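We just call them A, B, C and D in the order they show up, numbering each chain from 1.
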Amino acid sequence: MRSASTRTSNRIELQVDLNYEVAAPGADFIFNVHAARTPSQSLSGERLVLSPAVESQTHTDPATGNRYLRVHAAPGTLALSYAVTVDLTHRHCDPAQLEEVPIDRLPPELLEYLYPSRYCQSDRLLTLASNAFGTLKPGYGRVQAIRDWVNGHVKFTSNSSNTNTSALDTLIDQVGVCRDFAHLMIALCRAMNIPARYATGTDYGADVALGPPDFQAYVEVYLGDSWYIFDPSGTAIPMGFVRFGTGRDAADVAFATMFGSVRSHRPTVRALAVEDAAQGLVRPHHCADALSTDSGPTRAPGS
Amino acid sequence: MRSASTRTSNRIELQVDLNYEVAAPGADFIFNVHAARTPSQSLSGERLVLSPAVESQTHTDPATGNRYLRVHAAPGTLALSYAVTVDLTHRHCDPAQLEEVPIDRLPPELLEYLYPSRYCQSDRLLTLASNAFGTLKPGYGRVQAIRDWVNGHVKFTSNSSNTNTSALDTLIDQVGVCRDFAHLMIALCRAMNIPARYATGTDYGADVALGPPDFQAYVEVYLGDSWYIFDPSGTAIPMGFVRFGTGRDAADVAFATMFGSVRSHRPTVRALAVEDAAQGLVRPHHCADALSTDSGPTRAPGS
Amino acid sequence: MRSASTRTSNRIELQVDLNYEVAAPGADFIFNVHAARTPSQSLSGERLVLSPAVESQTHTDPATGNRYLRVHAAPGTLALSYAVTVDLTHRHCDPAQLEEVPIDRLPPELLEYLYPSRYCQSDRLLTLASNAFGTLKPGYGRVQAIRDWVNGHVKFTSNSSNTNTSALDTLIDQVGVCRDFAHLMIALCRAMNIPARYATGTDYGADVALGPPDFQAYVEVYLGDSWYIFDPSGTAIPMGFVRFGTGRDAADVAFATMFGSVRSHRPTVRALAVEDAAQGLVRPHHCADALSTDSGPTRAPGS
Amino acid sequence: MRSASTRTSNRIELQVDLNYEVAAPGADFIFNVHAARTPSQSLSGERLVLSPAVESQTHTDPATGNRYLRVHAAPGTLALSYAVTVDLTHRHCDPAQLEEVPIDRLPPELLEYLYPSRYCQSDRLLTLASNAFGTLKPGYGRVQAIRDWVNGHVKFTSNSSNTNTSALDTLIDQVGVCRDFAHLMIALCRAMNIPARYATGTDYGADVALGPPDFQAYVEVYLGDSWYIFDPSGTAIPMGFVRFGTGRDAADVAFATMFGSVRSHRPTVRALAVEDAAQGLVRPHHCADALSTDSGPTRAPGS
């Protein structure tokens, strides 16, 4: 199967600007807005500026590669400006070749992605998922059916949810934003014993009618021997997703987790694709292949 | 339409036995186990015995006809034994003739059956109901589709729910008993602006594989100019339902609402049909007609 | 006890303006903004204008006296303008004289106010309420302790809740508006077997720092032989509450229940007190007495 | 501070027996019943037998030291029998010396223990926790106050909860078992920005009136530079806890996570203390010291 895969290369120039007003006596921030450094995602020209130039600490999680920036900010304004050029490589696979992995053959590091988490209460959805998807042929096609079910049942509606909204809420209310689509799809995959995780990036290619460019939440599902990308909200072009972080759900990889009294301005996000045939760089586009940028925990880099 | 209806008559001999152990300092009970007296349900040979012979008060709610028995019991055992012979008359209508009633033409007494209640949180289900049923042709057929949807999504499972379980829980967990099927169907009807109420009776005709004879919860929906009976759990024979009470949900018409520390034994319920061709009494049976025993608030008795 | 009560009289000039934009294909409204006509609340100069002058139906619920106005509106704007002069009479009682009524001595019409409802899930709060209030001396003082507990635990915060928010949410989140304070207090009273209901009016006397004059939700609790007024949000002056409606919770007496796609503008509410010593009219003011405007279902009017 | 600590040694002989009946087509199990191997917990005489002798895989999580056993079982019975002798060493510290760690000084590996998880929805409890504990002096004493608050508000009641029960449920219902006490305490600590995690062991010293010996869930909170043990249920003797696993909540470290249709028999757990003054082994006992068996991620083993 692996030999049948092909690769495409994309380049995204990314710019993120965040602005806050911090009340007394100050606040702590944990940012996850650095592009991850992975075998499929190489970075150049990276620059992060904090204003004022407060002290900060960075930390890369060895299990996920997520890069966290921790800042203790005094009262007043805080601005974060981040720019980077990201070269992405996607492995393309034939969906028909991708099988679900039996629990007893999963890499042990992946078991946690079978368990329920704060916003993905898969333990409540075992019967529902079994009723809806239990008779489908296992594999990528069944995961795609879960993705389509979520996409068909939930209506994208700006400002229809908040940071407490969970998969159960979205199942009932049937409205949400990309975060909510992702949580519901993850919960349903886990309820079917399929490892699924939450990924964050930018909404490259999203219709401007949905609002200005923004962060994006999407889903990765482990099939065969890699994590494959799904976009249950259907709002963007997955090939253009620059990965910030992956985690069990939004609790792990919020672009900014704040402790203290903080007023947030709307983030400014810009992701531009560089197309250059001479360098083999294609513009991200919709495609029917299964796309992966992460071959999972048991693979050597680049395999 | 009314002229096209026909009627059938049934006779049920009903026996209910309830047994409790009341802890100090005593407890209050509100029972709703008397068969209702309605134009379609006449009673004979009624007998209710409390042991010990404690003082009690009865009250008939003028709006619904529900008969409540209030008892303050001292510590010790309390037994209630009730027997009655019930003559039921069902009006049979052609489902194709029964239309939904626009909100501005509903009898005002019915508006409360459009509103959410404790166990039927229709306010959360507006989008889901509209997505699932919004394009169906209005009328009895659409209500039947809601009933079938609930019946198809929820699996009858003894002891799978408790007195706190609501329609939202049942929607998520997809298991329940007759009470839970009824709450979910009611919530979905109200979310479609169709008046629906909770009705209680006995599970005449239920498969003994589901357990010994028991109380039954079912649904009545207002269509045309009457309330029509639906059994979303599909466990019993609606024509054999003796009505105890109707209300917004189980909070209104529990067969026993208890205040205090009480241990309950399993109720004993027996409902036997009397078949007698000479008297025109048929045995309750499944049928495809729309069945009504209540022509709603604006009709004179017997109309 | 009754002989010890005194009365005060107030006059409120009330003006309510509601404005909506109705999308195709039109919408239904059930308004509950008419001041109730009760022995304690007499009306003069009442005027209600709908623009455009659409057909409407009014209905007074015999059990509660609530006045409902039903309107089917075509697409476009809908404006409702209501004005009335209300003469209020409050019976003042000594809180120390007011006792809780045992369940077996409650008027049967009040039993429903012991049961859980959509936004007041008292069935979940039996243990919490018993732990917090079970050892207090029964009576008005215990109800006041429940009111004070809610007032102390919940922080009034504009726009912190929505129409799905229930007492359980407010218990957890500890923020809300007057509606949420009322639902939580009602749920806790019912969990203690004390009949409690939801009442709506206007926020006479509210601090303008909380926003412009608005509708108000408050609580009535049945003690002795009457319903007594409590304002758990503590934002207004109870003696100035003009009653629109009472019900089990906000589901019954929303000032506007809407069916269809409607955009609402912020309501405009004005409630001015007329002070006139010659006529015995006092300005509503805070006082330590127990206040009642409703002597319950078993009293003849005016008793 | 570290120099002021003392140590005690205990020895526990542990025996765990689990029995299951697996339905067709078989089931997967992930067990977490091996005692962890840590600098403070050394093992001897370890023996684990599966009957039938099915193939199994073990995996030790590098971050937590949790040992997982994965089994794919065919239909029929499955028995697991585990025995081990565990030597425990507890570091005893003076509670008055233990301070909360500011977020910007926490080891980065601990940040996840600030975040909400499936059963510990701390994101909903920020206001409640701040209201209840915000004015207390930070440090071990405040954590003890949170522990006491949970212990005082929740009543230990066998079989009062299930595997879906979360901290929010326990906050409302105020009943639970050790798992529920732990989840609520963890959620409240995290809501105060104090890292807290879920730990599993055996209920050494529990009153037999609560039932036969069983697994136990308890809490570890990071203060100063170590994780300290708390037992919010108050049912057992913390010094006798043999640690199986630690995680964000029960989703991570259930003693048995099952995939498939399985009937479980009640686990048999036996934990006997060996007292031997000559070897310096004391019997586990209640004490007022802060107890730690884990000095956190930044310490070398044994420090």
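The rule is simple: a residue touches a chain if its C-beta (ideal position, glycine included) is under 8 Å from a C-beta of that chain, and two chains touch if they have at least 3 such contacts.
All of these numbers come straight from a predicted model, not from anything done at the bench.
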| item | value |
| --- | --- |
| Comparison of A-B and B-C by number of C-beta pairs in contact, larger one | B-C |
| Geometric centre distance via CA averages, chain C-chain B, whole Å | 31 |
| Chain A and chain B: spacing of chain centres that average the CA atoms, whole Å | 48 |
| Numbers and ranges of chain C residues touching at least 2 other chains | 124 |
| Every chain pair in contact, whichever chains are involved | A-B, A-D, B-C, C-D |
| In the complex with chain D, residue positions of chain C that touch it | 124-125, 127-128, 131, 153, 155, 168, 171-175 |
| Contact set on chain B toward chain C in their complex | 28, 30, 57, 59, 61, 63, 68, 70-72, 102-104, 108, 111-112, 114-118, 121, 123-124, 163-164, 193, 251-252, 257, 259 |
